[in-house]
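In what comes next, subunit A is part of two complexes: it sits with subunit B in the first one and with subunit C in the second one.
Right, the complex of A and B next:
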């Protein structure tokens, strides 16, 4: 029984310690960010390319088919009530408020997040970060901050692109294939979607961008410097990001409703 | 110059342990300015750990390390980085940045710490690469280099800022005899011509003996012996003789602690 309490105490202590370190790590990234943007924009732009531009294909393909399936399901169910003209509204609200930010964040974790954490973990395992320290170059500022900022900047754009290709996919399926009236599709959407809905999507995309990028660089930086350690850090990045994004999505939705 | 200012690095009563394993206990060591000092010892004695302690990549539990008279444990990050600018370090595996080419790797410290023109950076980098015989590999990526080449590029990078102290962690591993000879001469030449202080961690007794002014043999967390290579070669101590002459029998066991061989083979301990 005493052993059980000791285990609980140790785990709780470790959790609080890790959470505190995580917050300090976040503050360090924030502290170095303005200088990095102003003095070394090239490094940030390179990471926007690595995390954002290189994720475009997966984001657009997934966006198109998510929009397509929403159009299909929306049409099939709304047609029962002769309300198939509202399919544009359903798809747009679903994509802008929920699916766009959430699915993009999950895809980002799988594509860019894993790439970030494994790259940083391998740099640590091969002493590259130690070498920077020895060259009096702060690896947090030189390596982590540009990657963090690259993810944060990319995410809102990726969400916007995901949402637009989703709407295009829904349009192809419901208007071009299922013969929903094109005027009704767009007009219903315009009447139902207002700026608050878009604001909710934008806020979520910014929050998810920060969380997904932060977790990726954190996991990479704290990876055990072995092949197995880097692999575990990469897996943890996806799992923890997915859980965090879904919990935060619920919380933000609850607050903004 | 008095004795105090002759000492570039002083280590007093150093204690460092990892978990329950004590790596150093009451270690005292002095590295003289302008000399090539070798740190030698059997595998697992913590020679690389000692380098990391000297450069404050690790912090000792007890004792103090002075670099140029400054206790490095007392420095904040900015002061520490100022001290580290006096160091050049060659890592065991080279530790080149894998996303940039050889030229950019060597130019990295210059781009981070100076405002030199691209033209001047090009001159300096090519000069250093020429010194290690790899000017022709300037455009290659680190993944395209052999282990020995990577270490030579790392050496060029370590000396590109003309540091006061050059630290070599196993510099001779993986080098062919020609490269090794060139590197040994380069280490000696740089030390004498530029007044650098060099610290070499190596197992390679023969090569170290040709280049080092003073050697420390570390064993069981302490300095077991010190002196010039000739003095160590002539030492009577069994441990020193075993290490310097590569003998299988002696106080340093070849085998790590293990259960009885016959019993383990028969599987009795696992049942």
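Right, the complex of A and C next:
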């Protein structure tokens, strides 16, 4: 019995400690960020390419099909009320406010987050980070900050591209295949989508971008430097990012409503 | 060097694509009845009941949006709702005895203010008030009236 309590106490203590060091890690990245952007923009651009431009294919394909399925479902269910014309509204609001940021963040965790954490974890396992420290190069500044910034910068763009391909997919499905009137599709959308809705989506995409890249970098940096440890860190990146993104999504929506 | 170049080109294309997507979202999916004019004048109108009229609702004349509602408040002295609206300055020849009514766009659409031109020789200007107003139609009142009418009709 006493052993159980001690375990719970130790685990809770460990959790708080990890959480605290996570915050400090975030502050460290933020503190080094402006200098990296100004002094070594090349490194940041390289990471924008790695996390953003290389994720384009998956983002666009998924966006197209998510929009398409929204168009299909929206059409099929709105047709029961003879309200097929509102399908544009339904698709646009769903994509801009919710699905765009959330699904992009989940895909980002799967495509770019895992790449980041396994790369950093492997650098640690093969003592590259220690070697940098030996040469008086700060690995946090040289390796982690550009990767973190690359993710933060690419995320809002990825979300916008996802949303637009989604709208395109919905347009293809509902207007071209199911013959919803093209004028009604766009006009109904424009009547009900407000600039506030887009602001909500953009705020979400910025927050998710920070969270997803921060978690990926953090997990990689704190990976146990073995083959197994790197694998576990990669898994944890996806799991924790998915959980935090969905919880944060609920909280942001509750606040913005 | 070749590799850096392709990275730079890829990143540039990616960011351009992202920006144009953002631009497309903000301009093409929103809007509709957006009203923007650099010079406007403000007028007031009192309504018995404004229904669910909200700030930023359009003000239209003959179906064309010429302004928007900037504020809806309750006047404790006259016990009526006071609506402030701004109208584009280029429409400076609206007769001041024009009639303002609160209408609904479509069956379930949002409410807006429709102006019906009067015949006066003086025009609306900054600070003037629209005297002839017609309240929003509240569905419950309408049903109530209908029920009363059909009830009395049945007695005869």
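Throughout what follows, the second predicted complex is superposed on the first by the 257 of 257 C-alpha atoms of A that agree within 3 Å, B and C clash if a C-alpha of one lies under 4 Å from a C-alpha of the other, contacts with A are read in each partner's own complex, and residues count from 1 in each chain.
Note that in this section contacts are C-beta pairs under 8 Å (C-beta built on N, C-alpha and C of every residue); 3 or more make two chains touch, one makes a residue touch a chain.
Here the structure is a predicted model, which is why all the values come from computation and not from measurement.
A.B. asks: Could you figure out whether subunit B or subunit C reaches more residues of subunit A?
C.D. replies: Comparing touch counts on subunit A for subunit B and subunit C gives C.
A.B. asks: Considering only touches as defined above, state whether A:135 meets subunit B (first), subunit C (second), both or neither.
C.D. replies: first
A.B. asks: With the two structures laid over each other on chain A, which partner does A:256 touch: subunit B (first), subunit C (second), both, or neither?
C.D. replies: Neither partner.
A.B. asks: Could you look at A:167 and tell me whether it touches subunit B, subunit C, both or neither (first, second, both, neither)?
C.D. replies: second
A.B. asks: According to the stated criteria, A:53 is in contact with first (subunit B), second (subunit C), both, or neither; which is it?
C.D. replies: In the superposed model, A:53 contacts subunit C only, not subunit B.
A.B. asks: What residues on subunit A does subunit C touch that subunit B touches too?
C.D. replies: none
A.B. asks: Please give the residue numbers of subunit C that touch subunit A in the complex, ascending.
C.D. replies: Residues of subunit C touching subunit A: 4, 7-8, 10-11, 13-15, 17-19, 21-22, 24-26, 28-33, 109.
A.B. asks: How about subunit A: which of its residues touch subunit C in the complex?
C.D. replies: 42, 45-46, 48-49, 52-53, 56, 92, 96, 154, 156-158, 160-161, 163-164, 167, 186-187, 189-191, 193-195, 197-198, 201-202
A.B. asks: Please output the residues of subunit A touching subunit B within their complex, sorted ascending.
C.D. replies: 122-123, 126-128, 130-138, 142
A.B. asks: Touching residues of subunit B toward subunit A in the complex: what are they?
C.D. replies: 55, 57, 77, 81-82, 84-85, 87, 89, 91-93, 95-98, 108-109, 112-113, 154, 157, 161
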